[in-house]
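Next up: some structures, all given as structure tokens.
Two complexes, one shared chain (chain A), two partners (chain B, chain C).
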Partner chain A sequence: MKRMSAKLKKTLAAAPLWVWMVCFTIIPMLLVVYYAFSDGAGGYTAENIISAATNSNYLKSILISFRHALMSTAVCLVIGYPVAYFLSRMKTGGGFVILLFMLPMWMNFLIRTYALKSIIDKGSLLDNLMVSLGFDSGLLINSDFAVALGMVYNFLPFLILPIYTSMLKIDERVIEASRDLGAGSLTVFRRIYLPLTMPGIVSGITMVFVPAVTTFIIPQMLNNKYMTIGSLIEYKFKQEVSMEGISGVGSALSLLLMIAVIIIMTVVNAVDKDGDTAM
Partner chain B sequence: MRRSRRPAENETGKGGPYPQMKNIGRNIYLGLILIFLYAPIVLVIIFSFNSGDRRGIFEGFSLQWYEKLFQNDNGLLESLGNTLLVAVCASVIATVIGTYAAIVICRMTPLGKRVTMIVNNIPMLNAEIVTGISLMMLFTFLSIPLGFGSLLIAHVAFNIPYVVLSVMPRVRNLSTSTYEAALDLGAPPAKAFAQVTLPEIMPGVISGLLMAFTLSLDDVIISYFTSGSEFITLSVKINAMTKRTVPLTVNALSALMFVAVFVLLLLINFRKPSKNKNNAVQAAK
Partner chain C sequence: MKRIVSFAAAVAMALSAMLALASCNDGREKIYVLSYGDYIGEGVIEEFEKAYPQYKVVYDDTAETPEAMYQKLSSGVAYDVLVCSDYIIEKMINEDVLNEIDTSRLENYKYISEDLKGGLYDPENKYTVPYMWGTVGIVYNTKLVDETVDSWDILWDTKYAGQIQVLDSLRDTMGMALKYCGYSLNSTDENEINEALDALLEQKSTMNPTIGVDSLKDPMIAGQYALTVEYSGDALAMIDANPDLAYAVPKEGSNVWVDAMIMPKTGKNPDGAYAYIDFICSTEIALKNTEYIMYSTPQTEVLKQIDEELRNNPAFNPDSETIARCEYFDDLGDAAELYNTAWETYRLN
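Moving on to the complex of A and B:
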């Protein structure tokens, strides 16, 4: 009897949590699915999802977004991994320097990105430099380079922090042992650092890749030549007036995006054996 | 804990042939990245003192943008007020719910825990834009007008997972025996929770609160979809401005906010030792 009541108590304690999650996580997600298949008059239609999956303009947007994200994630990883390594190996002041890396996030990212734009915009210092080197003016802005720069600039700290955290957990003695046993730097990296920092790498990549695929703010500011998937959804919901601010095609695109993100996360997490993404 | 490198390692040359050179290389590398991260910030601050109204050409020193800011030019102060209001309310509510959730989740069966954590993590893993439009559709569906209320709910919803993740490790390491000891000694559950459990998980709760506050403060995408046209936050306002030109009053405001955070961090760092001392004194008593 007592065990039963304890169990009941536990269930009751979890109830408010579940009510919240159902209302504000599950139902909103189901609404995306619902409107993706709704014709706006209460009927079912597959038109939205077919249009989202086959329209060549939409596919182009999706491809561009993934290209931007892959590029920026790779650059972040190449730049950020050594940073995390150096910071974790610092005898003193590592904590302070990591704070220096995090501090920029305390200025509104829009205004920082806007300032970044003013550095590479037409007629800027860097642009003039490019012109004096014989390139055309306005080569930097509205390019893949500009978007990658903006994304790396904004997301780099999010990649450094989890990798830094997992580096700190590495026992120095393990590295010493491997070196004593004759391992070279490359072997130490491949056999010790890489596997032991994998959870950090995975959560770092996740924290960069997903926002990089889906953001519409950075591409809209730095490269107005293309429409990314984020811009497209934003356009469908905010610019194109449809049934009271709800867009069927927009929902279908969001659904596809959601599925794509889930697939990517599953693949990425499969690399991380524990499946316990370290924050 | 990480131990400092043994001096013997450098003597045998296994830490690299020229450790001093290595440090120089390291410092140059870190320095370059920091310059990259700080250059735009420095520009924002420099141009907030521009007497002209363009970015890119510094025409002379002036405080005109700061003056305009405090005359509530463009309604920036008002949006800042809105932003702070939402961030404070949302982070406090999310911290309460998230802490409760972390405790409840830790007591669940392994299966329940798994399922709950998956659902809990959805808003965090999902693309912000999807979270934003899904909540917007919910409000439209329920005919909740977009404004302060909808914005607050949206912020609480996307903050909770971060609070849960921040509090969870603390709850997991919590020894149930002290809590039970308090109960055995006759403390009512609420009191036992407040005096035994809460202090132990407090660091997680505080970092969760700070994280939620920061995320709320900086959020654009979810706010953009859930705030409507009456109640505008600073980020949403600046985002709208970037479509045309952003007035330098925004630079002035950003510079002030950045300096405020910087000073706050310094104060926290300086206060820490004395706080530890107090704790030590209290423990000694």
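Moving on to the complex of A and C:
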């Protein structure tokens, strides 16, 4: 009897999570699938998927988005990994520096991106500095660099934190032992740090790559010359929802993007042998 | 699904209407008005109710777009007066959901400018009373642009490469390109549309334009760009913030839009609707509305009374010749697909 009530308590405690998941994850996903295959009149059609998958313009926007995301994730990793390392090795003040990294996150990311735009825009402070160094004006804004900068600026903390956490877990004595056995710095990194922080790396990459592929505000503000896939989906919905109902092609694009991201994440997760990702 | 949603919306609206009815049953006849948010002068409704004690205005400004208004109306809510945009009005006229307006019952109708009557959306001028209007044109910084700005050509002039901003808006930007190529911005000819697309792609590669909507204003006000395509209403606000800026409607023509008052057939209080529309058209009230909203006014008397600087500003008060060069947006019909394809090609290449 007592065990039953404990079980019931556990179920009840998990109820909010389930309600949340069903309402805001499962039902919306089912709706996306439904509209991707709906012809708008209650019938079934594969036309949305076909036109989303075969349009060369759409393919181009997907490629641009993946290029942006790969670039930003790589830069985040190159900057974030050493930062996480030094933070985790700091005797005192590590928590404070982490706080400094987190501090901007307390501000709305739209405002942060808008601020970044006004810093790198034509005629801005940085732009004027570049001009005085002999570069052309307006070189930064509307470039791939601008988008990468915006994404790294916004997403870097999401990569540092999980790596930092997994580094903290590494036992100092393991490293001392490896040194005793004659391992050089490179070996220590390759044989100890890399494998032990792999869960953090994978989870960090996930936290940066997925939002970077789908974001539409950052590219729209910093380089709106080409619609990224996020912008395209937004456009498709905005354009069609007003008069004709939910966008079928927009849903189909969302579905395809979702599948692509899931495939990539599965591959990335397979690299992580422990399967211990905090995704 | 759509039916369920609109049914739910209708139920919600009926409930709120019933609530309003229950809470306020003081014998006054109600006039249901649907308009955009922030689109009427402060205190105007109270003044109307004071002038006409027999009426009470139920003012709904929750619809953000004309499309949303269209959906509200088709979900069966009975509005007596709507303030709506030209191209949706045209659709409503075609669907026969509007009452003709007997202008002889409107004492103040005589103040409406002839330039703005009989637009494409209501060619016989039977269903609409213009409320506010505006154009699309070029805002330019007189400190960065020496020459006269009077043509779309300047947005293809590589002298200003990297210094221009264009709208991320299908009809407005396709319209600009069509006009630049010398065609109607309602063209349904595939070759003309493709020519406009080529012009846009050329502009993108040679001029490196910044593409956006709301984000264009601040950099322009800050003097960072030389030329920006803008709506006249926004242009006025920008010029107000930076006196170096000026506005021009290109000589090839551009888009002109009108928001007008209409009376849906479902309305139950036509007398009240006439009283309300006439009150809004009275010079004193129209002046108040204009000074608050700061869009161009169709009222000739208001133009005489308003601030002189504003009257001489072409963003606020373009001459008849300029208006005559401009076109209203027309429903594209089947050609909409051509525009969509062209626009996606432009935005993705």
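Here is the rule we use: the second predicted complex is superposed on the first by the 247 of 279 C-alpha atoms of A that agree within 3 Å, B and C clash if a C-alpha of one lies under 4 Å from a C-alpha of the other, contacts with A are read in each partner's own complex, and residues count from 1 in each chain.
Going forward, a contact is a pair of C-beta atoms (placed from the backbone, for glycine too) under 8 Å apart; a residue touches a chain by one contact, two chains touch by 3 or more.
As the structure is a computational prediction, the values presented were derived from the model and not from experiment.
When both complexes are overlaid on chain A, the residue A:S118 reaches chain B and chain C alike.
After overlaying the two complexes on the shared chain, residue contacts for A:P211 are found with chain B alone; chain C is out of touch. Once the two structures are overlaid, the count of chain A residues touched is higher for B than for its counterpart among chain B and chain C. In the superposed pair of complexes, A:Y58 makes contact with chain C only, with no contact to chain B. Of the two partner chains placed around the shared chain by superposition, chain C is the only one that A:Y235 touches, whereas chain B remains out of contact. Of the two partner chains placed by the overlay, neither chain B nor chain C lies in contact with A:F135. Of the two partner chains, chain B is the only one that A:W106 touches; chain C does not reach it.
In the superposition on chain A, A:M221 contacts both chain B and chain C. Residues 114, 118, 121, 123-124, 220-221, 245-246 of chain A lie in contact with chain B in one complex and with chain C in the other.
Listed in rising order, the residues of chain A touching chain B in the complex are 10, 13-14, 16-18, 20-21, 24-29, 31-32, 35, 79, 82-83, 86-89, 91, 97, 99-101, 103-116, 118-119, 121, 123-125, 153, 156-157, 168, 170-173, 176, 179, 206, 210-211, 213-217, 220-221, 230, 233-234, 237-238, 244-246, 250-251, 254, 257-258, 261, 265, 279.
By the touch rule above, chain B contacts chain A in their complex via residues 2-6, 9, 14, 26, 29-30, 33-34, 36-41, 43-44, 47, 55-56, 97, 100-101, 104-105, 107-108, 112, 116, 119-120, 122-123, 125-131, 133-138, 140-141, 153, 156-157, 160, 165-166, 214, 218, 220-221, 224-225, 234-235, 238-239, 242, 246, 250-251, 254, 257-258, 261-262, 265. Against chain C, the residues of chain A that register as touching in their complex are 55, 57-58, 60-61, 114, 117-118, 121-124, 136-138, 141-142, 220-221, 224-227, 231-232, 235, 239, 242-243, 245-246.
Across the complex, chain C meets chain A through its residues 1-2, 65, 67-68, 70, 162-163, 168, 170, 204, 208-212, 215, 218-219, 222-225, 340, 344-345, 347-349.
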